[in-house]
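In what comes next, subunit A is part of two complexes: it sits with subunit B in the first one and with subunit C in the second one.
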Partner chain A sequence: MTMVTVRYFAAAAEAAGVEEEFLDLPGDATVGMLRDELAARYGADMQRVLASGSFLVDGTVQRDPATPLGGAVDILPPFAGG
Partner chain B sequence: MTEPLVEPGPPLAPVRLARFSRQLMLPGFGELAQRRLHAARVLVVGAGGLGSAVVPALAGSGVGTIGIADFDTVELSNLPRQLSHGVADLGRSKVDSLAETVAASDPECRIVRHHERLTAANLPGILEAYDLVVDGSDNFPTRYLTNDAAHLAGKPLVWGAILRYHGQVGVAWRGEGPGYRDLFPVPPAPGEVPSCELGGVLPSLCLVIGALMATEVVKLVTGVGRPLLGRVLSYDALMARTREIPYSVIADADEITSLIDYEAFCGFDANETDAAGGSSLAVAPISAAEVLQRIRADQPLRLIDVREPTEAALRRIDGSTLLPLADLLGGAEPPPGEGPIVVYCEVGIRSQRAARELRRRGHTEVSSLDGGIERFAGVAADLIAR
Partner chain C sequence: MIEPYAVVSDQPLDEVAVRRAVESDASGAVVMFCGVVRDHDGGRGVRSLDYRAHPDAERFLADCVRRIAEETGFAVAAAHRVGDLAIGDVALFAAAGAGHRAQAFDACERLVELIKQEVPIWKRQHFDDGVSEWVGL
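Right after this comes the complex of A and B.
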């Protein structure tokens, strides 16, 4: 098992109801597995965020679901309001 | 710390030294920093909530030349957060109103008015006359356009974005750190992320984010402090918390080599076809006079109001059905009925989106009321229910 710190921002934090949490995931966990886990855990609002939000693993945006997870994940939705 | 972006201009006159005395005494600032600001030329994209906060803050800081690019006019619903405009400015160009606000505070600040819509064709030329660009625009195509143009020109970009209770601020600068595309490599699908017009925005949020953006500009121009390079600042007004997200260049990202069609890149494809794959999704606008003629002639017509319930409560066209754009984009259908569909909103922008979506779903006779209820009320006040 590996401990991943997940930080949620803006609409992602609203969907999760927390700004940050620690998740125990299998040692070979990937970006895709975490996305599925979060979608299952937090439902439609989180799915909407995950559809367009950025998934940063240890400070780099990762789009390939097969990317292995690191110790820290940040989930940040884009918005364009001005 | 980065090197100062701008070489200092000539020594300041005594009256300028007096004006800026409170910042000249700042540790690490001094007259040289003020002369750099005076020589700086900053282009601000968007004169909305962020632009109207950023521009006066830049002028107040002593930035010598500020370009403002926007083609919008001041509306009543802008006033709570766009404090540079007043009631007397309603209907006027935002750029003109903002320019006058600055002139009232510092007539020596040079304002360059860009009333046109920025495109891949005109932005590179406009950008040549500036040292730095600030993006406070309200849509994704402009954000990617501005990022790419700044990247290609090798000029720093200070960007900010707001929605509801949240804001983001970052600095992109080729060679010095990652860019906007390293944080958001692909734009969201159209309608996936609401705009402030649809999602709402806390007025004071514009001031917070606008002030942070102006601060980054001053830091970059003068070389004071550490700019927001490689980290994006996220502000949550409800929690009163700022957090930073570090990010780096995406190693295998496609290189930006030229400007592209940003409307198409963001999914707003003019040549898109309907669900059956046949006809183009281009939606013809219908004039207020044509709609009025149909109503007066008792021809069948389905008027769909895609504004919010609070707007419809103030005024609506008699006989229309309310179907807010967010619901429509979420899958809601207009009630079945006879005759072509005419979608309307306040000024005719949201209704275009709605009409395109209905066309995409296979509705054939759909048009968008040109100028919205605002224009319609001008020709048929008797058909407006209040």
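Right after this comes the complex of A and C.
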């Protein structure tokens, strides 16, 4: 198991009720595994964010569930700038 | 290569600085886009917008500016405001300078589209009936 720092932003922070937490995940954890874990943990509001959102891993926005997580990941709701 | 003008700020944006960043002696056309907070959305009245940005948003904005400059060969620049904005406040300035207007309009349009796709910024819309919701969810 490895400790992963997860940061939540905007609608994701509201769905989680926190802006940051530390999760114990398998050492080979992927974006898809984290997505399933967060959906189970936080329910419908988080599922809605994850359905159209993305993940920031090592400074790069990822949507592929096979992407390895590393030690830190940011949960990004769909962008709405402009 | 020149550093792109790309700013994310919780203060009112510097319109003149955005424009200056794309001006040159070769520019016969400068197009400025202003994204303004409006008082309605989807048929409902809007009272205000609350913009939030990821701490790295400015880096993503700079990537957009750099990419459109490279793809088009024209000077582009952008500034995005975050925080609580009122009706009429400018949330986004995007600018493009080119030899001719069609090129400048095109580069500016492409820049705005890319910013909306790529920059981790979110907005919460406060309707005039007291309800509020995140846009795009």
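Here, the second predicted complex is superposed on the first by the 79 of 82 C-alpha atoms of A that agree within 3 Å, B and C clash if a C-alpha of one lies under 4 Å from a C-alpha of the other, contacts with A are read in each partner's own complex, and residues count from 1 in each chain.
Please note the rule applied: a contact is a pair of C-beta atoms (placed from the backbone, for glycine too) under 8 Å apart; a residue touches a chain by one contact, two chains touch by 3 or more.
Computed from a predicted structure; not experimentally measured.
Chemist: Look at A:A11 in the shared chain and tell me whether it touches subunit B only, subunit C only, both, or neither; answer first, second, both or neither.
Modeler: both
Chemist: Tell me which partner touches more residues of subunit A in the superposed arrangement, subunit B or subunit C.
Modeler: B
Chemist: Name the contact category of A:F79: first (subunit B only), second (subunit C only), both, or neither.
Modeler: Both partners, subunit B and subunit C.
Chemist: Would you check which partner chain A:S52 touches, where first means subunit B only, second means subunit C only, and both and neither mean what they say?
Modeler: both
Chemist: Could you give the residue numbers on subunit A that contact subunit B in one complex and subunit C in the other?
Modeler: 9-11, 48, 52, 56, 59, 61, 74, 76-82.
Chemist: Once bound in the complex, which stretches of subunit B touch subunit A?
Modeler: 46, 48-51, 135-140, 143, 160-163, 166, 168, 182-189, 192-193, 195-196, 199, 201, 232, 234, 236, 239, 241, 243, 245-248, 250-251
Chemist: If we count contacts the way the header does, which residues on subunit A are in touch with subunit B in the complex?
Modeler: Result: residues 7, 9-11, 13, 19, 48, 51-52, 54, 56, 59-61, 63, 74, 76-82 of subunit A touch subunit B.
Chemist: Given the complex with subunit A, which residues does subunit C contribute to the contact?
Modeler: Residue list for subunit C touching subunit A: 35, 51-52, 54, 56-57, 59, 80, 91-92, 112, 115-124, 134-137.
Chemist: Write out the stretch or stretches of subunit A touching subunit C in their complex.
Modeler: Subunit A residues touching subunit C: 9-11, 14, 48-49, 52, 56, 59, 61, 74, 76-82.
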